[in-house]
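Letters are used for the chains, namely A, B and C, taken in the order the chains are written, and counting of residues starts over at 1 for each.
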C-alpha cells in the first residue's frame, strides 16, 4: 500500500459525482432487513451477510460514524443504527461520502427510498435522476396500450420522462432481462408490434428479446447518455450473458449517437476497458464491486479496470442501494483505491504528480460533468457537515 | 508479503479438511512417470514438467522433506524419491500436509492408488469418500442393463454407493463430458430411456447430454452435497464450457435441495464467487490451482476468489492426485496464501484479529464440517508425526 | 516492487527476440497522426490518446530518449519527434529496445512502414519475416482465380511466400475475421470450392468461415510455426470470440503438427496459459498488452500469464506497430515486469537465482530460437549503439 501523499489528500477533498446510485431506505430496519440489504444474495440460515467482505468493511469503516469502535460486533451495529434512526444514519453516511452530486436511478424501489431530492438534502449534495427505461415500458403496458401503438407510446412516455427537470441519463437492465447476446439490428416496426402483442397478452416484466432490442434503440433516439448494467448483480442475472463484449456489434451500429456507460462490469471490467479503449462512445465504472469487495480489494479491481482504459473514460459510481453505508463505502473505496494506485505511480516516478491529480479529478468528477452536462456540473449547495470545493 | 503473525501460526496449526483430493500412487515411479504426474499436460520432449510453477514449488518446498537442499535439481529429487520408496514418501508428505481429514474421490484411478483408508493411515488423518457418479453410471452400463431400466438401475446403484460407510458427497465431471451449457430442465423419463438406448448401443464413457443432465438431477435426489469439477483440468476439458456461470439456470431450478461445491474454478473463480454470493447452496474452492500456481501466486488467486465470496462459502481442497507432494503443497499454499492475505488485513486494521482467525478456521476446516457432517466432523486420530488440535 | 538485482541486470543485457512485431512508419507524423498510432481506438475530440496508460508510459520512458525531461508535455513530445525526423526517432527507439531479432509481420501496412531489413538496419538487430496468410489468400483472389482452383492456388502462393529467405512463421488473423468458434474439422474440397465461389463473386476481405477454416488447415500443412492473433486488438475484433479456449477442439485435431503461438491473449491470458500447459504445441505471449498497460501493470499481466504456463512456453513479443516507441516500450515493460517478478521470487527464496536466470533467457530469447530455428538463432550483427551479447 502506498504511503498517503498528495493524491490521497486531493481525492479526500474531491466532491465526487456518484454517477449511478439508488436511494436510501426511509424506514428503520430490523436486523434481518438490514442484513438482507448488505448482500446481493439473501440472509441465509447460518451465513450472516456480515461475514463477507462487504460486512467486514461496514463494521470497520461505518461503525465509527455511528460512534462505535472499529470492527464492532454486528449486533451492536444494528442496535446502534436503530437507536439513531434512519434519518440520522442516512445523514451521517451520505455526508461522509463527500459526494457533490448523486445521479439516482429511480426505477427500482422494492423498499421505501429517498427521492433524489431527499438523498441530496440529507447531505448537502446536488441530485440528478436517471430514468430506467424498462420501468417506463412496463408503465406503458400497465396503463393499457394496443400492440400496434406500443412503440409510439413507449417513445412518447420515455421522452416525457426524460424531460423532467434534473434527468441526465437513461438506463437499461437488458443484462438482466435477456443478456447482451442479442441481434444487434434495430427491429422492424412490424416485428415490434408482434412482440408487443405477445407481451401485452402475457404480462409480466419486459423480457422479450425483440422489445429489449427495441428499448435499446429507442434509448439511442432519446439522445441522453445510456447507462447499462453489466456484470455482477443479484441471482437474477446470467453473468456470462452480461459480459459487455457481447455488445460489440450493437456498439458498431450505434457509434456516433449517444454515450454508453457500462456500469459495474466486474468480473468483465477488462472487457469493458477494451470497449472503452476502442469505441469513442463507451465509458465504464466499477461501482457495486467497490463496496462489495471492500477496501482490501478495490485497488486491485481499479488497477485491472485502468490497465488500458483511457483516463477520460472511467467514472465513479457507488451503485449503492438501500443502506447509506454503501454510498459512503463506495466513495471511501474509490478514493482510497485510486489514491493508492496513483500515489504509488507518482512515488515510483511512473506518473507525474500533476498528471495523477488530473486523473483523480477526471475520474472522480469531471468525466461525469463532461458527459452529463449542466445538472451535474452546477455547483452543489454548500454542505453543513463538510467543506466542499466548488464543483 | 505480510510479515508472519498470529494468523500464520493459527493456520499452520489448523488440521485442514481437504474436501476434495485423490489417492497417492502405491508404487515407485520412474523419472518419466513422476514427471508426468507433475502436470495436467504430459512430459514433452525438451519441456520438463519440472520447468513450471508447480515443478519449481516441488523443488523448493518438497525437497527438504526428502532431506534434500531447497531447489534441488530434478534428477536428485527423483533419485532420492526412489531411494526412500513410495510408502515413506507418501508418509512424509501426507503427514506434512497437516490435514485432519481427506475427502477422497475414488472414481478416477488410472494408476494404483491408496484407498481413502490407506491415505489416512499414512498420516494419522481421517478419511471420507466422494462417489463419482459418472463411474457409477458406467459401471451400471458395464454390468448390462436395458435402456428402459437405466434410470432406475443408475439411481439404485448410486444409492447403494452412497450408503457405504464414510461417503460424504457425490461428484460429477459433467464439465469434462458435455460442459455446463446444458438444458437446465430435468429430462423426461422417455427422453432418458432413448438416450440410454443410444449410449448402451454405442458404449464408451458417459457423455450424452441428456444422460449428463439426468445424472445431475439424480445427484440432487441423493441428498448429499454435490461436488462439480469446474474450470482448470487436463486437455480433455473445454475450458469455456466449464465456466460455472453456465450453471445458473440449473442452480435456480435446484435451489433448496443439495449443496453444490464448485471445485477448482480457476480461471473462473470470480464467476464462482458470484454464484456463492447469490445462491444459498453454492460453495467453492480453488483446489488444483493452489499447487499448480504455487506459493508465488496462490495468495493472488485466493484474493480474487475471496473478493465477494461470503466467508462461510470458501472451502479448502488440494485436488492432489497421484503424488503426495501435491497433498502437501496444496495445504502449504493454502495456509501461506490465506495467512498472508488475512494477516495483512489485520496489520492494516481492515480486519480484526478475531475475525481473521474465525475466517481461517471456517475456510480451512469448519465450512467443510458444517456441510459434510459427522464423518468429516469426527475427531481425527492423533498423528504420530505432528501435534494436532482436536478437530 | 522488487529491489533491482541480478535478474534485472541479466534481463537488461539480454538481446530479446521480439517474435511478433510490425514495421515502424517511414515518414514524419503530424501530431494527429502520431496520436492515432498510440491507441487501438482512434483520436477522439476531447480525449487525447496521450491520456491513457500507454500515453503516460511514452511521456515517461520515451521522452528522455528524445532528450526531453521525463513526463514531457504531449506538445513538446510531438514537436521534438518532428524535429529529429523519423529516421533518427526510429534509430533511437529500435536501438534502445535491445532486441537482437525482430520477427516482422509484413501483412498489415496501412502506413508506409520499414521492411524487416530496414527495421533491423536501424538498430543493428537481425530481422525475420512472418507471412500473414489472409493477405496471401486475398492476393490470390485479387490476381484472379477460379473457385475450383482457389485451394491449390492459395496453397501454392503460401508455399512460395514461406520459401522467401528469412521467413520463420505464418500468421492468421482468424480472430478478427470470424473468431474461433469455428467447426474444427478440415473442410472438404467441394465445400472450399463453393465458399471460394461465393467469396470471389462478392469480393472484400477473407471472412468466410469455411475459407478461414481452410486457411488454418493450410497453415498446418506449411509446416512452419503458426502465430494466431487472440484477445485484445482494435474495434474490429469481437473480444469474446477471440478467446483462445475456443480453439481447443481444433488443437486436439492438429496435435503433433505445427507449433501454435497465441499472440497477445489479454484478457484471456489465463485461458492461453491453460492451453500452453496441456497442449504440447501451444505457446503464448502477452505482446500488445505490455505497452498498452505500461510498466505499472505489465508485471501483473505477466504474473497472471505465468501462473501455470510452463517456462518453455512463454515468449516475448512487442506487437509494436507504426511508432518505434512501442518496440522500445514493449521490451522495457517485459524486462522490468519479468525481472521484478523473478527477482522477488529469488529474494523470498521461492526460486533459485540460477533458475530465475534460465527462465529469463528462455522467455526473452531461447524459447523463440528453439521454435523458429536458424534465422532467429543466428547471431545478430553487433549494434553500434548498444553492446549486445552473442545471441
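Assorted remarks:
We adopt the following convention: contacts are C-beta pairs under 8 Å (C-beta built on N, C-alpha and C of every residue); 3 or more make two chains touch, one makes a residue touch a chain.
Just so we're clear, the structure is a prediction, and the values are computed from it rather than from any experiment.
Mostly differing positions are employed by chain B and chain C in their mutual contact, as under half of the interface residue numbers are shared between these two copies. Chain A maps onto chain C through a rotation of 120 degrees [Cα fit, steps of 5, range 0 to 180].
In this assembly, the C-alpha centroid of chain B lies 37 Å from the C-alpha centroid of chain C. Multi-chain contact residues of chain A, defined as those touching 2 or more other chains: none present. Note for the complex: chain B touches chain A at residues 243, 245-246, 248-249, 252, 270-271, 274-275, 277-280, 303-304, 306-313, 341, 345, 348-352, 355, 370.
For chain B in complex with chain C, the residues that touch the partner chain are 1, 39-42, 44, 46-47, 49, 51-54, 56-57, 60, 70-71, 232, 234-235, 238-240, 266-267, 289, 292-297, 300-301.
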